[in-house]
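Here the chain labels run A, B, C, D and E in written order, and each chain numbers its own residues starting at 1.
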Amino acid sequence: MSQSIAAPAAETVRPRMSFAWLGVAPFLLFALLFLVLPTMQIIVGSFRNAAGDFTLDNIVNLFQPSIMAAYWISIRISVASALLGCLVGFLMAWAMVLGGLPGWLRSPLLTFSGVASNFAGIPLAFAFLATFGRLGLVTLILRDWFGINIYAMGFNILSFGGLTLTYLFFQIPLTILIMTPALDGMRREWREAASILGASPFQYWRMVALPILWPSLLGTFALLFANAFGAVATAYALTGSSLSIVPILLFAQIRGDVLQDPHLGYALAFGMIVITGIANFIYIWLRARSERWMK
Amino acid sequence: QSLDEIVEAAKKEGMLTTIALPHDWCGWEGILAGFKAKYPEITINELNPDAGSADEIEAIRANKGNTGPQAPDVIDVGLAFGPSSTSEGLLLPYKVSTFDGIEVKDADGHWYGGYYGVLAFEVNTDIVKDVPQDWSDLLKPEYANSVALAGDPRAANQAILSVYAAGLSAAGGNASKASEAGLDFFKQLNEKGNFVPVIGKASSLAQGTTPIIVRWDYNALADRDTLDGNPPVEVVVPKSGVLAGVYAQAISAYAPHPNAAKLWLEYIYSDEGQLGFLKGYCHPARFNQLVSEGKVPQDVLDKLPPAEAYTRAVFPTLEEQDANKNAVTGGWDSVVGANVQ
Amino acid sequence: MKINRFWSWLFFGVGALYFVLPLVSTAEFSLKMRRSAYTLDAYWTVLADPRFQQTFTYSVLMALATIAFGVLLVVPTAYWVRLKLPRWRPVLEFITLLPLIIPPIVIVFGYIRLYNTSSWLPLTGSAMGTNLLLMFGYVILSLPYMYRAIDTGLRAIDVATLTEAAQSLGAGWVTILARVILPNVAVAVLSGAFITFAIVIGEFVMAALLNRPSFGPYMQLLGANRAYEPAALAVIAFAITWGCMALIQFVSKFAPKAPGVQH
Amino acid sequence: MQEPFLSIQHVRKSFGATTVVQDFNLDVEAGEFVSFLGPSGCGKTTVLRMVAGFEEPSGGRILIGGKDVTGLKPNQRNIGMVFQAYALFPNLTVAQNIGFGLKVAGVAKAEIDSRVAEMLDIIKLPAGEFGARYPYQLSGGQQQRIALARALAPRPKVLLLDEPLSALDAKVRVSLREEIRSIQKKLGITTIFVTHDQEEALSISDRIVVMYGGMAEQVGTAFEIYNRPATRFVAGFVGTLNVLEGKLGNAGKVQVGNGEIVLREEPAGVKSGDAVSLALRPEAIALGRRPGDDAVLGGEIADVQFLGSVIRVRVRAGDSTVSLDTFNNPATPPPQIGDHVEISFSSGDVMLLN
Amino acid sequence: MQEPFLSIQHVRKSFGATTVVQDFNLDVEAGEFVSFLGPSGCGKTTVLRMVAGFEEPSGGRILIGGKDVTGLKPNQRNIGMVFQAYALFPNLTVAQNIGFGLKVAGVAKAEIDSRVAEMLDIIKLPAGEFGARYPYQLSGGQQQRIALARALAPRPKVLLLDEPLSALDAKVRVSLREEIRSIQKKLGITTIFVTHDQEEALSISDRIVVMYGGMAEQVGTAFEIYNRPATRFVAGFVGTLNVLEGKLGNAGKVQVGNGEIVLREEPAGVKSGDAVSLALRPEAIALGRRPGDDAVLGGEIADVQFLGSVIRVRVRAGDSTVSLDTFNNPATPPPQIGDHVEISFSSGDVMLLN
């Protein structure tokens, strides 16, 4: 706190040293120690070899086919689950906020979303195995009641599609949580103004509502992408660590010795940061472009 | 150092850090409980019970400078990992008082075999009506999407040996071709769509994700007991390629609690500890000695898997195991390339 | 309007089905431990397992510590930034967003390298130190939610004016924080707290890699070795997290409302 | 009276069990400026929203230009509307906002541009400077002018304004209301203006509808409403009113405090000895004895408020305190509190409340 | 003049390079009610916040009761403050809000309770009904009264109010300003009241400081400010002013449009033939020829606004349009737009602007 006791009798304008930043110092220190430095450690480590010398080998090694494949499937799952999560979550949030559903639904749905979006990955995996697994409830109901054998049709919970389906369980609620305030911000008068100016509901959505919501949707997508990209527990519990997606490779790397090379582990982690970083950078860039009209 | 001194010193250390001891595995639960009951002054800090052998070795390496609770004192690894880590200098030599009765061991006491079993098929007969009897059966189209290993073949001893066993069967017992044939076998299994690239376990068996799991007979039998007929489980030792696997115990060279570690080994290789393994359906290192001394109760003996299977069992040499380990961990990704699609 | 409502119900219904089915399936499976009948056997097995009790207690204590530390760290910071350092807000927002961008596994990887026993801050050297490190890790993981919840809470009240009002009435900083600011963001703190609770209770990666006996790894372990108990555990985990969330709803009903906020 | 352009006939509106508008009738001529004035919750907005088509009447019908529009959607009614909180589209520039209605109607780009320029001209914002701005870059008053331009650009048949000025501050409010009125006159557009500010309604309307409890209490010009309120509610709601309680004597004499007032006409419905309430506007009362006034009371100055051009003086006379307005006069300082004074008025200005 | 109780001496304030308050001086007597009036951004709030201690002056000093408080923290100054947005603590009940300052000061519970009851009594809210309510359960006007009670409860030496009424609607605003003034008088507390509403400042202040661009343009009573504005800014800002442009002839004659006005005194500093601006308040002008007026102009009614008790008429006379105010008279309807009229005023009321 920057109060000085002496009265400023002197007539000179003397810009006093401000100590206001001290108020955030504890927080910054904490973030530095337990967020920034550990991350930097990894990034730096990915450019070093076991002897501590600078090298690009670790990065080059990322480009071996099996690791590239792991990144590629991770990206695909993340994109797919983020896109679907955005879409379905948006529709549900819309239904809740603007779609005329009874008001009492709002609070339970938001509560549920709070839980589901942060729900532990492991029980989630159990739940999906129990649902869409080979003897899952839904699988059996479809087979026994409707004669639809989804496994014979090529579905597998341990596939790209199955994993995406599982990830949606936390992606959709996250979207609902983020989009609800944005949809709350959609003023009834905008719709009414558009309508009385002769616009059809479709024109209103195309010309007004979607452009306004676009930045929020983009932001949600970027967040969902990172969220899926870093998710370990669900995949780990579903497949018992044998699935080659990046976080699991990395998990194995830290815990075991699959890759026989800790510095490659650093590089793997660095690669994850780069990819989520790029996703967020694209988001910030797109958002800035679509937000000229915002303060 | 006498046993009493060790006990004394271990009590002073007050803690023992173990790693990779699943409670449902080979009677570990009972052995851990027995040790705790005997030495209540020593708390047992159990690290990742689900780790594979390679994970255990890495845990030693990763904690070279670390004496915290993350550093394991003792490990329990597939035999192949014993010599390699000895040469890497990761193990502390120690000879337990019952050292002489142990058959498979490092002469200096860096490691010694603790127990063994054979690889078997654990089958959920709710789903699989026609139970496979040999490795070659697994390739049949009726087992589409059914067969799993019990570990990651890039890290787990059990899975690495499963590949070897399959290869041994395919190569007609030719140990020198087993690794290659094993990888090829799993490549075919994967291409036919029979292989499920998931770590098989009781729940995936029951839920139908992996109705057939290749794993140690003692694990399979323990599963059968816990599942208790729901679903019904059949455990089959394959006709050919019957592979015996030995797990070895050792002390970390960087153990934060070396005395507790020594005491732990003493306990494991004592009569009491060895009988603990037997209760978990596996054969302890001093099995023959104990039997000959008449120390094994009959009801425990009766429950063991049929001795007939063990007569066909192959015990690969250390060299074979080491070569196989390298071949499988190195070749799995590129040859089999099984992955979730 | 009518058409709207039809679509709304449709989206909502399909969504609800998607969310409810796994819960129902898990519950159903957890009751099937005996072949002949539905029983609660799986639950009894889990509840009787001492490791369940130990790990669950551990995680609950961990969650409480994380919440307490998080609140003490975030409330004064967010308050101060709103009051005195508005230009720093983007910085804080960025920092608190990072944990969503940097995967937790990377962060904990860094911890192990940075705070092992041979480092300047050997947190992993003792069980207590590792607990502390894990708790810090959880604070980081929950930061995006905690910070945003509290910042939103602060936005709803006029921080600057309330502070000045309190100052003009003779209050100092501690009084202001404790009697004016904190009570008015109580609901926000609470919602941040419960999300933190949900995160910590089920967290797996950090606990597993720091080798702490917490609930997440226990669930994983049980999942690796048992068939029906994991389902029971999943149901229990759902129920507990849900119970907490229901509690927020309940408690926030009794919290003071900001003037002008109608429902 | 010519054929009404906008006709609201027996319109009712209930939300669930509560009726918020009942049997509302109003005919508005083409080009007329009508204000709805009334306290909060009296149903002003609801009536307006039924005209716009946002709410469906529970009964009755609405005609525009002789055509029944009751069942039409808002986007088929060709009505312009200005909202209290501007409701500009935040993602569109000023020019795009104004052109919105034309664009959705499929008007050609060149035509839109010229109409936007014309509208900006009408609301006196230079197109060059403002056309490309976003709403957040405008002051409240400017935003509201853009909202007006947007509503007018498609040349609607009717213009509705729902408390368009209440979010603005006093000076802007006064200047913008005059601007709205002058634009409305220039374009000759039939307009309904909702407000709860009586000065606003009085100052710019051709006619005012005073509403209360979902009903129209009185419809008339500002002069009629203010000087000949039809109901006690209207009398009290519009302007300041002094109410003197007295007792009716005979021959229209009313005893008020220590004075006596003789009513011009003997009141109907009350009889001698009844308590009566007399109402008097502050500007009808003079300080001192004004020539021609026939009622005089004595009193003491209780309060003096200098309001600018007008000084409002409160005089305690007997049990009542009356407010009176006098013009500021630089030559004579206002009276002091405590001064004993006489006040006078003409009994013709007295209204009898019942 | 007695020793000032609050003295603001040569106070300056700069934010970075921009100076927002410069050499501000003001002495306020004990018990006086002073308003700061000025357009947005003129520095009113900044001065007030320096008195409260929320901003540190860049120069100058502030004395309260003869003691220099310039360096003291806000919580050491014993000043009461009322904010525009009420700033009640939402988590505390009405009674706890009012008692907050006492509790912080460590006053005993019983004492707090009795003082809270007393304050509720002063602001005329029954303790039984309101004490246990939370702020959100109160109307805006009630909240502002609680805010006043809270500020007054610790018996501060000075009361500061920063636009306390601007968030309230017109009717409440008027009644609450009168209430504030009467409480202030009763307690005799030295008060500074910031507003940008001139009617508010004029109606309740002992003295008014008209501010512009960070400086005090004029300090005086409402009557002085309105009738003898010291600067052109003050003249224009306070009240409505008609400005007539004309040319000075000789002997104080000014040619305005087609008429001629003879000034009472010959203006200094301008010479014959110069263009001059004449200013006149609307209430100084009468419609028709008023007896005693010596200036008469002819014109045409441009606009008539019925404002209630006053009717504002705009008359186009030559190049200028002048506004004049007349009282409403129920007997005579207001003039119609387009009517040709004469207007008259007394040349003594004309101010010459320079």
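Going forward, a residue touches a chain if its C-beta (ideal position, glycine included) is under 8 Å from a C-beta of that chain, and two chains touch if they have at least 3 such contacts.
Being a predicted model, the structure only gives us computed values, none of them experimental.
Participant: Give me the step distance from chain A to chain C, shortest route via touching chains only.
Facilitator: Minimal hop count between chain A and chain C: 1.
Participant: Of all chains present, which has the mean Cα position farthest from that of chain D?
Facilitator: B
Participant: Which two chains have the most C-beta pairs in contact?
Facilitator: A-C
Participant: For chain B and chain D, let me know how many angstrom lie between their CA-based centres, rounded off.
Facilitator: Once rounded, the distance between the two centres reads 90 Å.
Participant: Mind checking the centre-to-centre distance between chain A and chain D? Centres are C-alpha means, answer in whole Å.
Facilitator: It comes to 54 Å between the two C-alpha centres.
Participant: Just curious, how far off is chain E from chain A if you go by their C-alpha centres, in Å?
Facilitator: Measuring from centre to centre gives 55 Å for this pair.
Participant: Using mean CA coordinates as chain centres, what's the chain A-chain B distance in Å?
Facilitator: Going by mean C-alpha positions, chain A sits 39 Å from chain B.
Participant: Which chain A residues reach two or more other chains?
Facilitator: Residue numbers touching two or more other chains: 126, 130, 136, 240, 255.
Participant: Which parts of chain C, given as residue numbers and ranges, touch two or more other chains?
Facilitator: Counting only residues that touch two or more other chains, chain C contributes 29, 112, 208, 220, 223-224, 230.
Participant: Which residues belonging to chain E are in contact with no fewer than two other chains?
Facilitator: Touching at least two other chains: 73.
Participant: For chain E, which residues count as touching chain C in their complex?
Facilitator: 52-54, 73-81, 83, 85-92, 100-101, 104-105, 134-136, 138, 143, 147, 150-151, 154
Participant: Please name which positions on chain A make contact with chain B in the complex.
Facilitator: 66, 69, 73, 126, 129-130, 133-136, 151, 156-160, 163, 238-245, 252, 255-258, 262
Participant: Of all residues in chain D, which touch chain E in the complex?
Facilitator: 169-170, 196-199, 202-204, 222-223, 226-228, 238-240, 281-284, 303, 305-310, 312, 325, 327-331, 333-334, 348-349
Participant: If you look only at chain A, which of its residues touch chain D in the complex?
Facilitator: Per the stated touch rule, the residues are 187, 189-190, 192-200, 203, 207-208, 211-212, 292-295.
Participant: Any idea which chain C residues touch chain E in the complex?
Facilitator: 157-158, 161-162, 164-172, 175, 179-180, 183-184, 186, 256-261
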